[in-house]
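Some structures to go through are shown next.
Across the two complexes that follow, subunit A remains constant while its partner is subunit B and subsequently subunit C.
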Partner chain A sequence: MAVAAPSVAGTSPRGTSRMVRHPWLSTAWRAARTLRGVVGLSLSGSIVLIAIIGPFVTPDPPDALLTLTFAKPSSHFPLGSDFLGRDVLSRVLDGGWVLLVMAALATALGIIAGAAAGISAAYLRGRSDALIMRTVDVILAFPQLVFALLLLSVLGPQLWLIVLAVGLSHAPQVARVIRSATLNISERDYVKVAELQGMRPRRIMTSEILPNLVSPLTVETGLRLTYSIVIMAGLSFLGFGQQPPAANWGLMINENRTGLPLNPWAVIVPAALIALLTIGTNTFTDAFARVAIGIDRPPEESALIDELTLRESR
Partner chain B sequence: MAVTDAARAVRDSLADEHPILALVVRRLAVGVLTLLVVSAVVFLATEVLPGNAAFAVLGRGANPVRLHALERQLHLNRSLADQYWIWLSGLFTGKLGVSLANGQPVWALVKPRLINSAVLVFVTGLIGAILGVALGAAAALRKDGLFDHVASVSALTVTSLPEFVVAIALIILVSTVVFHWLPAVSLLAPGTYAWSEPRLLILPVATLVIVIVPYIFRMMRASMIEALESDYVEMARLKGVPDWRIVLVHALPNALAPTIQVIGLNFLYLAGGVVVVEYVFNYPGIGQGLVFAVDNRDIPVVQFIVVVLAAFYVLMNILTDVIALLATPRRRIAR
Partner chain C sequence: MTGEIRLHVSDLTIRIGPPGPDVVSEISFAVAAGEVLGLVGESGSGKTTVALALLGHARRGLHIASGEVRLDGVNLLALPKGDLREVRGARVAYVPQDPSAALNPTLRVGAQVAEALRVHPGVVEDPAARAVEVLREARLDATPDTLRRYPHQLSGGQQQRVALAMAFCCRPRLIVLDEPTTGLDVSTQRHVLDTVRSLCGSYGVAAVYVSHDLAVVGGLVGEVAVMYAGRIVERGPTAKVFADPIHPYTRRLLAAVPSPDRAEELTGIEGQPPRPGRRGAGCSFAPRCDFVIDECRVAPPAPVAIDSRAVRCIRAEEIRGPSASRPASAPRKSSADRAAALSLRSVSARYGRRLVLSGVDLDVPRESCVALVGESGSGKTTLARCIAGLHTSWSGQIMFDGTRLEPGLRGRTKDTLRRVQYIFQNPYASLNPRKTIGQIVAQPLEPLLGLPFRHRAERAASALADVSLSADFLDRYPDQLSGGERQRVAIARALVVEPDLLICDEVTSALDVSVQAVIVEQLRRLQRERQLAMIFITHNLALVRSIAQTAVVLCDGAVVESGPVDQVLEHPANPYTVALIKDAPVLSGRE
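Right, the complex of A and B next:
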């Protein structure tokens, strides 16, 4: 009865001779060994490492005014100084971790809320489905950044509010993808068997359906993490994230762009770190999706195809 | 019961005779309903302000007389339902009240910005669509060739970048550090129109084109490859149809249908994407207007711009669905 495992674990015949592993682990492991996987993991891994270790190894206090404004790189200040004469290197090392923590929290919130909504909508059907999906339609009517800005206009720039707004705006997109995946799974025999045995709907959703959604959920997590970082950095850039004098990569780019002709490094380095981080997470997600889906299709397109089939079935 | 049965009968007969029309009508009805709920959400979200708007504008040491006058001006002394109704009807009559930041009428403030943003979105969408379709088709024709590999990897890379990073990279490249060809920020005053200085459109358009082309490219490439490997193309080949005719007449139209949907989705994206890009380049559109209004807590302006963006989003979604439906005979018949 080895029915479920090969369909998830993929197409490689090498996998069968190995020890039986959790299908998710084997997918992740095989994704990590593709070229894209290696590039993605090493890029995002090194940036995360910089952001985590950075605050402990700053050569100068990040907020101290130490030299002239927009000074060029020198032996004491390897990346020069910013618009107030603070050490750019120290601020770069200190300016990533809040961004990362906020992006991770928003992603977790979006995935949990979206998965719960999507699974319930697809499995409970009927009125719950209609109610959940209409709510999804309403939230989807706002561009994500605009949704966050709307909430921020009311309560002012607050970090918890940004996490809440970005997480909430992820949930509908996750719910759509997970709903269509669940529709497929809830027709399978093992779900029917569980139903006949009198298992409660909540139990079926958590212990029969959820474990089979691990692959699409991983792809969604990767995508949403990338978008979270993009939106969080964007909000900081617009001045609605961490407030000065905090060091923050997004904010640094905006603060120092008037000094581009004098000391471009104060802009280039934080911009490059954000870019490499999002390229890294997106590339690894792409590698995972390719291995998990087993076809040469990037995640957006497969999500789009899911969406089209979903609409046809409505 | 009888009423719903009758309604169902009308719906079914419409669906039988004009399946597409029925679908469009249904989508439009759902769209209008969604927008109504959206407007209520926007209104309520901005009404939960601790204290009220009048208090927020005048600050802590507000003179009670002025506070009271402003409350009357903003209709804050009425019930919540009345306030919503006044605001909602104002959306259609143009009586949107005045900006809390500078006292100007909201409509006069937002109208030029709306037009500027429309120009930006339209020009970007047009250039992006043409470029994406052309590059995607070219990559598909030489599948696994050098161009295909380079373009596919660049597309994956660029899709992960935040807009403002692309914008900053362009500024570094063409207007500050490397070359000095174009002005880094526009010096257009709010209230003026973009075409009075078309040069200032170049960088914002270039940024947004770079951001949307990869998505269109990837979809076009995937669907073109599928079309080229299809039975009807095989058939045309066997019949000796010339290559250029196979590509332009047989494969391209069929590959375009799913791509149109992605182009539509990218117009949707632009509704949010203009916010950051307009801010970076100081382009006087509604995106920049929204950032300023949020910064000043200028609630009437925020409400209006958010509703406009949401309306664009919802209507564009419906339009995309309908065009995709019309462009795909297979799906049209299937209903």
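Right, the complex of A and C next:
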């Protein structure tokens, strides 16, 4: 009993080595090195970069009326001009970041609310489960976009309201996925152990169950992020997003669609950026999910070997 | 019965990816028609990899680097894919470990077996008639009603019989059985084994029987090959190998197997086998071997032919001799006169509307261990869960040290929670994979003892030291540990709060036999030192003697027999106990 005591006094279980091997960081790192991961990360990374750096490097003021409407690309305006004669390149560079920030906030909101609802429903069972999941069913009965539109048309197009509406429309779907994942985990022996130790339900949910939901949560986050972008672009297109004259990729597609035969770039470029971002994020989360679940891993004995070789090569 | 050599495996080597390390190396053996070869090894020894190679298959990530698998003179490994498909199922059949996962849940039994025949048209004229025939041979009553059932409507033993029938239906030349009886009850296990033996005999089928259970293999096969770290270390007639093992690993392995006849200290093997790529230049067993000399570490030893056996040990000739005498009986204190720490009176429990325990009376004296024995479905785990507070719908009375235990966890005080600790069966499921060992072991200290944070690491480390794990483990994660180490962590977590009653639910059934011995010894030592009352649940009768003073036999939710271990095992009064003891596989060679 006394053997280890002296040498151990300083070694707290919260030592430094815990940081080195954070399970989801290491999964993300492994995912980033697969082909899918590299493609997904570089695609979405470059789009995010454009959105971040864009506003600082616009060749012209994005709101200035500079030339003819729907001018074809020229040396001064590489992507031509839009329906009011503004520089498309400048508007593309300027119009990304608000969309991305709003999408990220909405995603975070949806994931947090959805995960909290899903975990509580699955772990507490009984009445809480019934109450939470029936509420979820009701919200799910509305298509996501319609739900957001409903809120917006009543309260008017406020940016915070868009975030709230889109975030809340994600929550039920996240709750469904997380609930089924939690049902499985809450029957595991280590959860029973925690119960036997008299741990409070809230603590069990946050410290025993939540860390084991990292893979589904990450996958959901990626998925919801892309949905957020699409829905917000859609809302802008319908006129409920940022209001003109602000530059916004979704709004740009809407504004310039009438000039498609004259200067298609004013529509194609923002549409392509949204598409690439969506594809990139999805590809990366797909890579992450594959690594986390171990889809490409052979079973049992060779799984052990595989895991070992992976760990050694890491 | 015995005929010409049917299967000949020579120098089979399987690697991870083309350039990687060996998973199994230089496997050679032969099996004659009508004979069964036992391929024995602990987890990670490569036995399943070899079994699959006999069908010309290597799992993803592995590839067969060299060697031959000759069936009736034809090298299966050199066959083109199309021909191999013809061979599989028709001439080489495979019986998987878990029939409930291997049978198609949407096919009725009759269709299931007939399907195996339809894959190979031309083998028989009338698949349906043959299906009935083979099901009868597999001793499954092939009434039209049985044929129309789905796999989930059959018991585990019946499912395994269907899988056997499917394997035998094309009259194969070779059959590979991959742990087909793991997970079955002893009686079922015995019946399935008898069926396998008689089928192999009557159709002249060569069989390779893969298992980790030495006692099961001993009763079934004529020849046994013991695998360790990807090599066959000893191969020979079962009776000889078991009676007089030569290779140091075989000796240690046999010493770790508990026996229902004798009470003895089990000696496990400390450490763990080297993984592929870490096996070093010399003999893989050298780091754990009692007889190791410098030469052992130079090159892998070649097989030495000795006494009709092949042994991969350079000192085989020298160290041969009577195997180290089995350790003396463990002294056992009588516990009859001690006051009961825990007593159950007419406890009945339900799952939904089904009654799983009916009127159970049980006394667990202080400082003694009670073994709860029974087959699966006998209610032994439910009983333990009722005591622990995990199962709430029971009636009756459970008294613990003079206080009455409430059915659920909510009604119990922290002190009661602390004093009753529970160790789960599967150490792969009972440790949170996202926490370090230090966090796991220290976890109960806060809710149950209210220990301040700064003292917890120290307590955790000393609890780990009690189960012979160093403080280095504090910062590791469960997936970096072997099964045995995980179970020790689970024990440390239970003991860190200094309980009075320890409930061990099949704690060794997920572990290899050499690890099981280490864990059982450790539990017994801790139980004595800490003066714990202990409930040890097991389906393995042989373990009972090694750990417990009192044995209680459960059948269909009722206690059918209880008393001192010796009395229950030697003079069983109840017919069920008699049958249970008779069916338990005993470590000995066939004939």
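In this section, the second predicted complex is superposed on the first by the 275 of 314 C-alpha atoms of A that agree within 3 Å, B and C clash if a C-alpha of one lies under 4 Å from a C-alpha of the other, contacts with A are read in each partner's own complex, and residues count from 1 in each chain.
Please note the rule applied: a contact is a pair of C-beta atoms (placed from the backbone, for glycine too) under 8 Å apart; a residue touches a chain by one contact, two chains touch by 3 or more.
None of the values given here were measured: they were computed from a predicted structure.
Contact with neither subunit B nor subunit C is seen for A:25 once the two complexes are overlaid on the shared chain. Using the contact criterion defined above for the overlaid structures, shared-chain residue A:57 touches neither subunit B nor subunit C, since it reaches no partner.
By the touch criterion defined above, A:195 reaches subunit C but does not reach subunit B. Of the two partner chains placed by superposition, only subunit C is touched by A:212; subunit B is not.
Common to the subunit B-facing and subunit C-facing surfaces of subunit A are residues 298, 300-301, 304, 308, 312. The touching residues of subunit A, counted against subunit C in their complex, run 1-5, 7-9, 11-15, 17-18, 21, 23, 188-190, 192-200, 208, 211-212, 214, 298-302, 304-309, 312.
Contacts from subunit B toward subunit A in the complex involve residues 30, 34-35, 37-38, 41-42, 45-46, 48-50, 156-157, 159-165, 168-169, 171-172, 176-177, 184, 215, 218-219, 222, 258, 261-262, 265, 268-269, 271-273, 275-276, 279, 290-291, 293-295, 297, 299, 302, 306, 309-310, 313-314, 321, 331, 334.
Note for the complex: subunit A touches subunit B at residues 36, 134, 137-138, 141-146, 149-156, 226, 229-230, 233-234, 237-240, 250, 253, 257, 260-261, 264, 267-268, 271, 274-275, 278-279, 281-283, 286, 297-298, 300-301, 304, 308, 311-312. Remark: subunit C residues 16, 20, 23, 43-44, 46, 48-49, 59-62, 275-277, 388-390, 409, 414, 417, 421-422, 424-426, 429-439, 442-444, 447-448, 456-458, 460-462, 464-466, 470-471, 474-475, 477, 479, 493 touch subunit A in the complex.
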